[in-house]
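These notes concern the structure reproduced below.
Read from first to last, the chains carry the letters A, B, C and D; within each, the first residue is number 1.
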Amino acid sequence: MKAVLVFFEGLRADGHRDRVVPSTGFTATLTTLTAGAMAFLIVFALALSFAASRLSDRWADALQGTATIRISAPADQMNIQVERVLAILSTTQGVDAAKALTVEEQQALLEPWFGPDIPLSNLPIPRLIEITQTDDGFDAQGLRLRLSAEAPGAVLDDHMRWRKPLVQAAQRLTWLGALAIVIIAMTSAAMVMLAARAALAANAQVITVLRLIGANDAYIVAAFVRRFASRAFIGAVIGVVAGAVVVLFLPAETANASILTGLRFQGADWLWLAIVPPALACVAFVATQLAAQRVLGDLS
Amino acid sequence: MIELENVAYSYGGGELLSDMSLSISSGAFYFLTGPSGAGKTTFLKLCYGALVPTVGQIRIFGNDVRSMSRDDVAVMRRRIGVVHQDCQFIDHMSVQDNIALPLAVSGNKTLAEDANIKELLAWVGLTKRAKAFPPELSGGERQRAALARAIIMSPDVILADEPTGNVDWEMSERLLQLLLELNRMGKTVLIASHDLSLIRSAKSQVQARVLRISNRRLQLAGANL
Amino acid sequence: MKAVLVFFEGLRADGHRDRVVPSTGFTATLTTLTAGAMAFLIVFALALSFAASRLSDRWADALQGTATIRISAPADQMNIQVERVLAILSTTQGVDAAKALTVEEQQALLEPWFGPDIPLSNLPIPRLIEITQTDDGFDAQGLRLRLSAEAPGAVLDDHMRWRKPLVQAAQRLTWLGALAIVIIAMTSAAMVMLAARAALAANAQVITVLRLIGANDAYIVAAFVRRFASRAFIGAVIGVVAGAVVVLFLPAETANASILTGLRFQGADWLWLAIVPPALACVAFVATQLAAQRVLGDLS
Amino acid sequence: MIELENVAYSYGGGELLSDMSLSISSGAFYFLTGPSGAGKTTFLKLCYGALVPTVGQIRIFGNDVRSMSRDDVAVMRRRIGVVHQDCQFIDHMSVQDNIALPLAVSGNKTLAEDANIKELLAWVGLTKRAKAFPPELSGGERQRAALARAIIMSPDVILADEPTGNVDWEMSERLLQLLLELNRMGKTVLIASHDLSLIRSAKSQVQARVLRISNRRLQLAGANL
């Protein structure tokens, strides 16, 4: 309860009280500069993290979207089976579109391996149906069961073999990005805390004088908390802006490097930056409050 | 106002002050003397609650210092004006703001007191230096500023630790007049000083009692000054 | 010249001079803690950077290692052409090994598309030769020219189409890792500098007293420089060790996630960690020197 | 030793000190008086090169202060012992170490001087407090420690700013004896003080000259004390 009162007392502006804490000098700028440097780092951690998660999204999208059904059947049965499989697919949840490949398309697929002259039309080769999945994907196991019951010549290949390592790689990238941001955010909080405490230690005389002339603890704590929290906020705003400007001026993604997105923030990502200054100000607020109360505890 | 009962104090080694009993009554004028290192500053610190006695009881305005909360101590200090031996200020605020600080801190900022500050500055001879910063003051000017800060709240008790250690004879006479004036208005005054001529001068104008710390004890010095 | 003298004076131990700078208290630990936190971050930046570069190396290796030659020829010419191509390859610089695929191997390649029953042996399909490149790779253009002259039915496919975007992605990952480490290292240097200056500002009284009693500038600067540089060094060692321990305890790379290497340092990477403490100590050294000289400049 | 020629000084506003000429000769004993804020501390700062005059010339040990390098000033200060009005110490070193600091700083640490420190501590009455830290000292003890630190290097000139402002009469007599002793050994002594009885006591034992700052000028006070 008392802490809450101190909190609100801390946010009420008071001209005289604000002047009690020095507004210039080196120890005064320590909190600002630290919050600035840390906000700058956090911007990069965010940028890295978003880039990693975009990259992994793209990989997942690119791979997860497709599957293939291969139908082997005697020549006269072939078209019936293809029809039947397409019918099954049209009622399968998670299948966005299904399309039987034409002979020319199948030939194009094989070209890298056999050149353009392979006489496919004369061969009893299987037909391929390409499936585009919806975002949720379909139940491969269920589909396999239905296919084996209704179209025994059809084999589903959901490309799992190719997909798995890349999806794992993408997940790990996202995870690394998140780890980086957690570690940088935690270190930043520690640094801002450290700076606030150091600035407070350098202002021990102000606290002593105030206590001696009869200021109560809430007044003293509030004077420092307001100043330091606002300094951390201002510093963090400067740091975020500087970081954002640098990120903006980084080489943009080149057109053909589409598989890896650039480091720039995109769309709503920018909003995350707005959280950084209040967060660092809160850290400074709490750190100053604790440190001031500790210094005061030593004064009778 | 301030009562000591069998008080002793030690900084950790042997006892510095032992077995002191005293009742400082309202409106009295005291001097405190004793050799350097005898414990005068320590005694004053006990009187304004900056130190808690190791033995015995101290009551300030009727409250036992041991039972006071931190905020009680803060409020109590607004009723006791203290001139510290090593006067400390807030170095980035002007002398005038420093002197007015107790008003701001206790929330009693009114125009009447604004006029009061001007008068006070004139009395301690700091009108010209009002806008200066504390590190730019001379030794005597600091002491005078500290005295002004101690009495701006018009406290019930004034404790002054060597308030004239760095000022010339004329100025210390002038400061004594200020303190005598306040005493006449009913304030209790206790001055720690080794300036015998100041004590003599005061004794000729007011019924001042002289306390002496010797052999770790508080003694009332008689007319033997 | 004078700066050099001050430097060596700064590193000479002197019991009394060392005691002149407080060894405890909050502002004293500021430099240590800052260097520690920053070293901790640098360890992670290094880990990220190494992981990115290992990842990109693997991608590049996996893709760059192979190429294929497809030979279409009448059935009777086929074996002669294959022999000739293999002969050409054996004299081509940058080719590590070349091997004609057997019919079974070619069948296995096609299986995903056509099922196990495709009657390859009866077909006039081209033969494939798999090439393993050396690290340097071969000159694809030159090889194509030779092939078109000596074995007109052979077509070289160096997989460039598939490779390019992935190699670019890998390069970009390495580049991001390097960027992260540069930014974190620069911010760390700034923070250590800031901490040293703040600690020095808090010790202004010591400097004033020393100057008043007749200490010359070299003595004063040396006292602070030694202390702060060694504090930064100790803090950085602690930070590096803490960071290394955390990295060690991160989940190791799982066996099947082989495409993305773990965050752990490997082999000689560990040596890089040894550079961090001396580097931060140097930063503190220079920062303290400059700051002390500035403070002294204000004292007459 | 220290020569002033038409020196004036101003902190930025009007001139605080004007047109001062003085030659402090070797082995002399000076007092400097004047009201609080007259410029005594400023005058002493000019004498040990902490301030450079705005007008005129000051030569210390024959060197013009304006032409001295920073290291020259440092070396010169080892020959001038100064007791500052606001005595500052290195708070995390013991009193004894603080007093010995000038020796360490100038590289003159020998055993002989170690014995010297003990003797000096005894003389200023700080033997018992030798291991204490400066913030634990009383006001008078600080001043005595500052005096001990000023004379440990056995300097040619001793400048003391209110060295007895916080000590009782007996102790200030004792400190005066120490300074008189040093003066007899040939050291030049200059004491800024407003303690008239101290000045009188000194005049009865040595041929002390009394300088007075009034109306921004330096005057030689006659026998009119």
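Keep this in mind: a residue touches a chain if its C-beta (ideal position, glycine included) is under 8 Å from a C-beta of that chain, and two chains touch if they have at least 3 such contacts.
Being a predicted model, the structure only gives us computed values, none of them experimental.
Peer 1: Quick check on the contact graph: shortest path length from chain A to chain D, in steps?
Peer 2: So the least number of steps between the two chains is 2.
Peer 1: Name the chain whose C-alpha centroid is farthest from the C-alpha centroid of chain A.
Peer 2: Using the mean of the C-alpha atoms as each chain's centre, the farthest one from chain A is D.
Peer 1: How many angstrom lie between the centres of chain B and chain D, each centre taken as the mean Cα position?
Peer 2: 29
Peer 1: How big is the gap, in whole Å, between where the Cα atoms of chain C centre and where those of chain D centre?
Peer 2: 62
Peer 1: I'd like to verify one number: the distance from the centre of chain B to the centre of chain C, where each centre is the average of its C-alpha atoms, in whole angstrom.
Peer 2: Centre separation, chain B to chain C: 67 Å.
Peer 1: Taking each chain's centre as the mean of its CA atoms, how far is chain A from chain C in angstrom?
Peer 2: 23
Peer 1: When you check chain D against every other chain, which residues touch at least two of them?
Peer 2: If we look for residues of chain D contacting two or more partner chains, we find none.
Peer 1: Could you tell me which residues belong to chain A and also touch two or more other chains?
Peer 2: 25
Peer 1: Chain adjacency by touch: line, ring, star, complete or other shape?
Peer 2: Drawn as a graph, the chains make one closed cycle, so a ring.
Peer 1: Could you run through all the chain pairs that touch each other?
Peer 2: Per the contact definition above, the touching pairs are A-B, A-C, B-D, C-D.
Peer 1: Give the list of chain D residues in touch with chain B in this complex.
Peer 2: Listed in rising order, the residues of chain D that touch chain B are 11, 33-37, 40-41, 85-86, 125, 129, 136, 138-141, 144, 161-162, 165-171, 194, 196-197.
Peer 1: Using the touch definition up top, name the residues of chain D that touch chain C in the complex.
Peer 2: Of all residues in chain D, those touching chain C are 49-52, 70-71, 73-78, 82, 84, 88-93, 97, 101-102, 104-106, 109, 149, 153.
Peer 1: Quick check: in the complex, which residue numbers of chain C touch chain A?
Peer 2: Contacts found on chain C: 25-27, 30, 33-34, 37-38, 40-41, 44, 48, 51, 55, 68, 70, 72, 106, 109-110, 112-115, 117-119, 123-126, 128, 155, 157, 164-166, 168-169, 172-173, 176, 179-180, 183-184, 187, 190-191, 194-195, 197-199, 201-202, 250, 256-260, 263.
Peer 1: For chain C, which residues are in contact with chain D within the complex?
Peer 2: For this pair, the touching residues of chain C are 16-17, 19-20, 22-25, 205-206, 208-217, 219, 296, 300.
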